[in-house]
Each structure stands twice: as C-alpha cells, then as structure tokens.
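This is the structure, below, for whatever I ask next.
Per-chain residue numbering starts at 1, and chain names A, B, C, D, E, F, G, H, I and J are given in the order in which the chains are listed.
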C-alpha cells in the first residue's frame, strides 16, 4: 500500500464516518490544512500524530506506520490538473506567475517565497452575493545568496 | 507587438525609471497586484487606466491601445514553470492540490473557488528570523449546478 | 474501486439491462446529461439520488456511497482524446477557441463562460439528409473583477 | 504573413475601428460566429466575402487573397489552452467527454457528431442573477460504416 | 475486462487456433479489415456478429457481450507509435500530411475525407522484386458548411 | 529560407496563378502527389525537375536550388496534427494501427510496409450521396531479417 | 502475460541459471544479438526456435507459444530512455542524427538505411586503456521512389 | 548566428560547390563523420581546422570563430525525430535498447558504452540485391564505480 | 517483483527496524550513498553485498538475487520530479546547466564529467543559522575524441 | 534583447577576448561559478558588478542595465537537456533522486536542501588516470514546518 492509496482509503473512511477535517485536526493537534495534507499523503506525521489519526480512522498498524514516513510528494496524476477545483489554482500560476515574480522581487530583491517554511489557512468569508473562500499563504522570503 | 512583448518592455522601462508597482498602481487607480498583472499582459485595462499607465511609462499610442484589449492569458513559456520563484507556486498546487479539493468540498459542497471573481493581496510580514510574504487569495465559491 | 472503475461497471450493467439514460435520469430525478455525467464519475450525487441509481443498477452499498463523494474530475485517459466522437469536441476547441474568446469578450467584456454554473442539453434534430445532434451549452457569464 | 498573423492584425483593426463581429458579418453575408472564425484564420472565404471584409477592415490585396486560401486549422498555441475563457471549453471536453459519447451512442448508435457539417450560434440570455451565454452546437450525426 | 484486454486475448486464441482474419470475417459476414478492427476493440458488433465471433473463438458470454458495446477507440499506447509497422503509417501522416491537405482541397474545396463514412481494403500485389501491399482508403468527402 | 518557408510561398504563388497540382506535375514530369510533396518540402527534386517547377512558379535561382536538396522531412508543427483534414489520417493510425499490424503480419509474416519504396494515388470517386476520395497506398513488403 | 512480462521473467531465469546469450543463441541457432532481441520481446521466433529456447529456459507451453507471435515492438518505458547505458545510444541519435542524414544522402542519394533488412553485431575490442565495445550496424540502403 | 544556423548555411554552400564530406574532411584533417558532425554544429574545431573549413567554404571570420566554440549539442528539433532517415536510428534504440543493455552488461558487467571516448565509421557495402550501409560504432566501456 | 517495488519494500523495512543507511552500508562494505542507491534499485550488488543486505533486512532469496542484477536505472516517475526535495536538484540543472557547461569546457576543453566513473559524498555541516547539507560530486573528466 | 540572447553574446565576446571566468569573476568580485551563472542569465547583478562586467566585456549601457534585472531563470531549451555535458547532471537526478531524498530525510528529517541559500564550487582534481572534476554543493537544510 502506498501513501496515495492510503490517502484514498482515508478519504472514504472519513466520509463514511462523517468526520470533518477540523475534527481530525483537533485529535492530531495541528491545523486543518496541514492535517488534511498529511493524511492525503503529502506530509510526515510524528508517531504520536499518526497514533491519534489511526485511532480515529480505524487504520491498521501498518497504515499508521506509513503515516510516519516521508512521502514522495506530488498529489496529482498529470502535470496540468484536470479537476476543475484544482485547475483554478494552476490557472492562478499561469495568469499571475510573472506578477508574483515581479512584485516579490521589487519588494524583497532576488529570492523566492519558501514553500517549505510555509503555512496556509483557509476560511469561509460570508458574503450576501455568495460566500467566498479566503486562502492565506504565508512563506518566508529566502534571498538568493551571492558567493 | 504582442501583449507579452509589451510586458517585457514595460518591465524594463519601470526598472529604468525606478518606479514601484505601488506608484504605478496609484496612478492607474487599482491595487498593486491587479495593476502589475494588467501591465504584464494578463488583464484588460479601461481606456482611462491605459492612459494613466501610458503617460507614466512613456508608451506610444499603439501600446496604450494594446493595454485596452483582452489578452490571451497565460504568462509562462512552459506548462511547468522553470523559474524558481514561480515554480514554488506550482509546487503548492502539486503538494496541496488534493488538500484544497478535500477541505473546500467538505466545507462548501461540490464546486470551485473562482479564479475570475477573485482578488489577491500580497504583504510583507516582518519577522526577526527573516521577513515573510503573505499572500491572500479571495475567490467566490461557485457551486456546481444540478440540472 | 475508484469512480472511474465504477463508471465502467455502470456502463456495462446499463447496457445489459437495456436501460436508457433517460430511464435512469427519471429515477434519479435530474436531466439525462447530468445523470450520465454523475454515473460516469464526474458529478456528486445526493444520497437520495445515489439510492435511486443503486437500486436501478443493482449496485452494492459501497458503490452507492461512492456516488455521493465528489470525484476527481476529468474523464479522459490522455490530454488530447483519441476516441473520434470525443475528439470532434476537442477539435471544436482548437478551431473555435479564439472565436469564442473574441465574440464573448466583444459582447460581455473581459470574463468567461462558467463551466460550473452551467447546464447542457442534447437533442436529436430530424433531418431528411441525416439526423442532426443539437447540443445547447448554457453557462453564466462571469466578469473578471478589477481590484 | 500567415493566417494567424493576419488574424492578430484583424483583431486590432476591428478594435480600433470599434467594429462589432455582427457588423462585419453583415457585410460578409454570413453568421457572426462563422465570420469571426474565418477572419481569425480558421475558415476559407470566397473571393466575394474576402473582398467585403478587406474593404471594411482596410486590408491589402495580399491580405485579402490570404483570406481565400484554406488555412492550416488549429487556433491555439498549446494542446491544453492556458487562456481561462478557452480553457473552460477544454474542461467541458474533459468532464463531459465520456458523457457525450455515451448519450450520443445510446441515441444514435456508433458514430460521431460532425464538426464539419456543423453550425454554431451564440446568444446572450438575460438573467437577473447575471446574464448567461447560450451556445448551440448543431452537427450532423455520421454513423460508422460497416463493410 | 476491457475491450483492449479482450483484443489481446482474441489475438492469442486466433493464433493458437491457426485461424486467419479472412476465416473469421467470413463467419462474421463483414470484410477482413473491419472484422479485425472490431475484434481488436475498435468497432461495435451487432449481437449476431458477436455471436458468430464468440462461437468461433470460444469466448464467454460476457466477452461476447463486450463486443456489442461501442469501444473507447484508439488502439495505441503512445501518441507516436513505437512499433515499426505502425510507425510507417504515422510517418506517412508526417511526410504527406500537407500534401493530402493541398491536393484534396484543390480538388474538392474546403473539407475533409471522412474517417467514419469510410472503408478500407488491403491486398497483396505480387511483384518479382518483392510482393507489395496495396491499401485502398475510401472516404466520403465532407465539405465545410458556411453559415 | 528553409524548405518549409519555400513550401508556404509556393502554395501562395500556385493559388494566385490559379495553377493546379496536375498542371505543375505535368511540367515536372511526375505524378500529382509526388510533385505536391516535393514542392511542399518533403522530397528531393532533380535539377531538371526543379528547373521546370521554378520556371512555372517564378522561383529565384536560390529557391530552385533549394528544391534539389534533401529536406528534413516531417511537415507538421505538432506530433498530433490539429488541422481536421490531416487529423483524420492520424485518427486512422490510432483506430486501425493494430489492425494493419495484425492483417499484414498474418498475410506476409514479420515485417513492414515500406514508406520509402512507396507510391500513392488519390482519385475522386463520383457518388450520388456525395463524392468520395479514394487513396491508394502501395508499398513494398519488407520482411524482418533473422541473423 | 505480455511479451514484455515474459522478457523480464526470461532475464531472471537466464541470470539464475548462469546462462550467457551466446549459449542461448547457439541452441536457438541465430546470432547472439537477434536471439537476445527475440527473447526480450522484439522479434518473432519460429516454432522450432521457440521450442529450443523454452527447453533451455524452462518456459511453459503458453510462454513458448507467445515467443512465436509478432510482438508490439518498442522496449522502452519512456520516449527518452532514462537508463544510462541505453541513453547513450539516444544521445548518438541526438548528436549524430543530422550527420548520418547528410553523409548517407551525399553518398547514396535520397533514401534511408533500413532498420528491417538489417543485422547487427557486437564485439569486445581489447584495449590496454580499457576494453572497447564495437557495434556494427548493417542495413540495406532503400532509395526513395519517384512516381 | 547560432551554430545550428551556421550548419544550415554550410550545408547549402557545400551543396552548391558540389563538395563531398570526404573532400572537406581531407582539408580539415579528420574523418568524414567527425568533420560532418563538427560542421553541422556538434563538435568543437581547433582554430586550424576551422581555418581550413572556412577557407574551403568561404566562411566569414565570425563564422570561422564560431566553429572553434563548444556547441550546445543536440541536432534535432523534436525528442522523437520526424525525418525518416534519422527516425530509423531512433527505432533501433526503441527496438534494441534492452538488448544492448543485456548483452553489454553480460559481457562487461555494470557500465556503459561511452558516447564521448567514441569513434564512428560509415561505409558502403556493395550488394547485388542493393548496396548496404555499414556503420561501426566504437566506444570505450566505462564500468560503474563502487564506492 | 521489480527492483523499484523491492526498493519500496526495503525503505519500509529499514524504517520499521530503525536502521540507518550508515548501519546498512557498514554491513555491505560500501559508502552510505552507494549502498542506498543500490538498495533503492539503481546499482548492481555483488552476491556477497546482496547477502549482507538481505540478512540485515530479512529479504527472501529471490529478493537477494534481484539485488545482484543490473537494474533499468531511473528512479523517478516523471521527467520533471514533483517531490520538492528532488526537484531542487532538477532546478540546479535548469539554473546552472549552462554554467557547468561553460566553466568545465573552459577549464578542461570539450568533454563531460562522467556520471559513471563517479563518486558522491553527503555531509552535514553544522551552522548556527541552520545546518547545511554538503554534497560532493566527483567524476572523471572525459574528453571528446577527435577522429 | 533578452537575458538569454545577452548570455550568448557574452559567451562569444569572452571567447574572442580569451578571457577566463576566473578573470571575469575577479573583476566582478564574486566566485567563478556565481559570476558565470549571472552572466549566463541566471542571477541578478548589483549595478557595481554589472558595471565591472560591462567594462571588461565591452557591453552597451542597455546590456549593462539588463544584468541588474532579475532574470526569468531556467537556462535550457528542453525539459530533458540534449547536451551531453548537461545531461549527465540530469542523469544524476534520475539515478540518485530517491537516494538523496532517503539519505537527507534520514539525517535531517522532513525537509529539503535549499537551492537558494546555496553555494557551489568546482575544482580540478589531478589524477594520473585522468583528471577529475569535483563539484561541491552546499545548501541550507530547510525543515518542513508543521502548523
């Protein structure tokens, strides 16, 4: 069983049990986003976190162990995602890629926003014209080193 | 001259004049991110916005006009970006794609976050261990329609 | 079992039982197109809809449950479809892509036709020279937001 | 000058002159969609149609002649379009591809919807919640021949 | 079992039984080429044709039924075929593609040769310098419709 | 100037002069298909053939010379052609690839149909239901050598 | 079981039995290279050759039979091989491709070196600075036919 | 001017002057294959070799200099070559890739045939059934190092 | 079982047993990097090395044998790696590719750094601002041969 | 003029002037590797560094300015490099990718080696059997953040 197969299984169990990611995250002791990412095969859990998740989701010992390994990351079956929800984020990269580059480099100099020393939040913003999704990306600026 | 060639030219002029995107945005009357995206060939300007930008950046009449057309969007030369700053955002799509999908669908039901009815902000967050970049994505949730 | 494997199974059952999509749609309570899309693994069913479909198609409890999850969308094995019937639609995107863009933007301004707030119908149009297929796409225009 | 370069030029001229596709189509004597497709480099015009278009758009004799040749069709720079408006149509192919196949084959038997013996219309549908775009595809059903 | 898996199985059975495609085609009641294409997973058989094929090839009821469904067409594992025999046909498309286009359009006007209303024959042409293969493609010309 | 640029130029000249491929072929002294392929940049002409073509098409000495070189063959800008007329031939490769392989190998043994020791003809077949295109491919069978 | 799966199995058996390709080739009655290619799923064996190979390698009747069928050729999992030994040959195609073309066409005229009427040998050339591999490719020149 | 543009120019000059690669190689003082590869933009010439080539081919000082730089190697416009002569070599990699690997590793152990410490020859082998091309590849075996 | 499946299994066993690569390498008698590469399916072990590894990791006889075969190398599922740790090395190739080429060729002349006669080390470099990873690549320079 | 076109020009000037990267680096005041990377279009120079480089290499004011902008990074024309020297580094990623991942994660935990807070050195290591190239990569370990 690979991490991605386990991720699929976890999605089904979670749905059948009617658990929310918030509920799982509470048991695991981390944020909703990180917990979902870890259980969907993209982050390494500590043994204690894996224990908590396994208990809640009725995972076997082997599955619990698998959660404590570092996964081969990358959750998508194709380079350009076909799923519409995920594609919209790819579209942002295509449309705003050079904008991010230009604005960040103007403000910070040559470097990047870390995707490792990084956190993310996702909130619902009520709006009479239709609720909105607010995603906050927060990454350390890493300047290129001259040498 | 295409929008992307104009974008390249604008980047050089802006750098030579030592203009910041904030300064350009102020003249144009929109946010820094949107203004940068528009001048980098991804958004359509109104004639008045184009006028303001052209004046500040010494663009010709034809270039000014070009800014008022709807561009063929997509700012990257390859499907997977090679530039490290931009790649990190692609990496987020790869690592967090299924997480976004799962968390949004749990909270909102079947649908997507609009990349059209959408705004974005980018801020510097001072931090003694190294300043951070905070990007806020704000898009309307669009539910799939049953019919 | 994935949604796509279930879709394949459903196609065979439906064929063996001699059921039409209209008959299935009637039980499910939605249109023929949406019902087919949902059972072919592209839309999420409500528990009640899944119940009706499962009953008609002799699906197991697990398969019925699977129909109520949001699928990873995208029904094709390759980016450019090889099946001639489906390829003709890809061909329309290739041949008419810039035409759609130009006509819609002229009429509505900068924006897109939603593929989410969207319905579709398919009808047979009798014609002595050979019957015709009429497909009606109906999507909300979503204007780009300036900010 | 290629047909695609001419298409780009025509788009700019049309925008500068403030001409609508309907106005151009009227002079050309065909529908709005077909006329746009032809001038965007996807269809062959008769000498008379090309004459009318050239006059309205101030094209040179060589450009007028180019409009009467059969173009190498395909209007997009990449197999998967990056422009959001055009991508939504590609998304429909990805999401509804197998649905079209299944519904058409159930109704008509083994065959395809012609993209050659084909017409298309595009209308605005007023809607208080936001106007909608209605696109009607109309293609002859072509049955596979047994031999 | 998919149509392609069935195709592989049929190839082996046919080889073991020492059956020729002509012999199979005779029982099925269609031409050698069409019959081979159908049994290799590219065409839909009538129940009667499937019956005849199943009998000759000792197929199960489920396999027989599968032959009566419309397959997802496309017989090759890669966009550019690696098998030398099949590649030579791809090479013809690469080398003669623009020639076909130019000669057909000169003779018939804007349109295509149908690959649906289409028949094909394959014959051996004895030749003292080495026998030759003669393939005759016969497709209806379909003119593009102006509208 | 490359052979492909020359090919494009020749197409325009031929169209303007209202010449048919048959007329050009007559002067060149070869068949219509081969002549078109050669002038579209896929075959090498003898100096005499190039002379005849250059005279008829008003080519310069350098262009005439170019026709006598062996071109880098392959006439299509993408691996999978986007032009509908040419795509139909690619579709034949996709749909009939394994059929050609199976029928030829059954009849001739392990080998290929040569695309080099090869001729092709294209004829119009009048038909009350719409004229048909008949293409005859004729290639030497080349058996694989055991060693 | 496919030919490629059988190839993998044969590699393991051969290694376990400590057999060399020369030893296998001797029993089969062909050269070392051809025999290896055939058993690795790229050539068709006669029943007698398959018999000899099966006996030596303890293959089942079905596996023996499989060796007598014509395989779908192409031994590599990706278009550009990742294995360093095999990549070096791809590198030769990249670096020397146009050289082969130019030298062969200068010497022989327009045509190709057959990869079908073709033999190959591989020898060890002792060298004090490190032994060398000598590979001799021998293919019939096939001239393009004018018609 | 790039090395590949220079290569194209050299091909034309060589053809117009009616020079053979052997004649050029003689002046340059290396083999026919290496000389062709160098002038086609794949090898670095010494100043003296470049001098000799430039004189024979009437190259400018800048072009002569360009020949003494190390080129970015790779002579083909696509990963899988479309030109039939060059494709046949790619086909050899596809068909014989695993055979080369297996035979070389059996004989020499884990390692590769160098494409750097490498020479090649090409000869015509007269044959009454059609002359043959004999290509001899000669590369040092490089064993993988354990450490 | 393939080498890559065995690699996955070995990773899990190693993790469960809490073994470090150094500990495994000590038993195997080679460096940490080489040992890891071998057990992850990229290098061939001697029977003695395989014996030692199998004992430590409780592998079966067949698995032990598999370690002594030369694997089809290439450890990544896609040409551009999606895993962030591995992608950073691909990024170095993208960003520094031409720099390596220019600096090495200036210093050594036309040639390459061998990836076969090659060793690698990886060390931790303590640093108060965050420990660093130091990787030393050491490959023989192989000069291109003129001939 | 783009950064990559400038890089090409700089390479030629440097070669003609017989300058070494060390000599250029000395004037620029940074290491040889970084200086080469910057002038080959991958790093941003300070105005002072650009000044020094421009003086040495006779660049125009515009070219000097271009060196002070942040480039769109990525120096290779294809995702998999065709140049043999550069390919060997890609090969290391393919062969050692999972080894780097496993060894680094075992030693440091979940994280990556930074390609931004990163330095590199390249040295010649004299060796009687042929000099060797030693490349030292030195990057900060960046641990994944839990949140």
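Convention: a contact is a pair of C-beta atoms (placed from the backbone, for glycine too) under 8 Å apart; a residue touches a chain by one contact, two chains touch by 3 or more.
In this text, all values refer to a predicted model and were calculated from it rather than measured experimentally.
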Repeated interface matching A-B, over half of the contact pairs identical, chosen among B-D, F-H or I-J: I-J
Chain pair with the higher count of C-beta pairs in contact (C-F, A-J): A-J
Euclidean distance of C-alpha centroids - subunit D vs subunit F, Å: 29
CA centroid of subunit A to CA centroid of subunit H, Å: 49
Computed distance of Cα centres, subunit H from subunit E, in Å: 40
Multi-chain contact residues (two or more partners), subunit H: 11, 33, 72-74, 76, 79-84, 91, 94-95, 98, 101, 105, 111-112, 114-116, 120, 142
Interface residues, subunit I side, partner subunit A - complex: 8, 11-12, 15-16, 77-78, 80-84
In the complex, subunit A residues that touch subunit J: 30-31, 33-34, 43-44, 70, 72, 98, 101, 105, 109-112, 114, 116-120, 142-147
For the subunit A and subunit B complex, residues of the former touching the latter: 7, 11, 20-21, 32-33, 36-37, 40, 42, 73-76, 79-81, 83-86, 88-108, 111-115, 120, 122, 124-125, 127, 129-142
Of all residues in subunit J, those that touch subunit B in their complex: 2, 65-66, 68-69, 72-74, 76, 79, 115-116
Footprint of subunit A on subunit D - complex, ascending: 80, 82, 84, 87, 91, 94-95
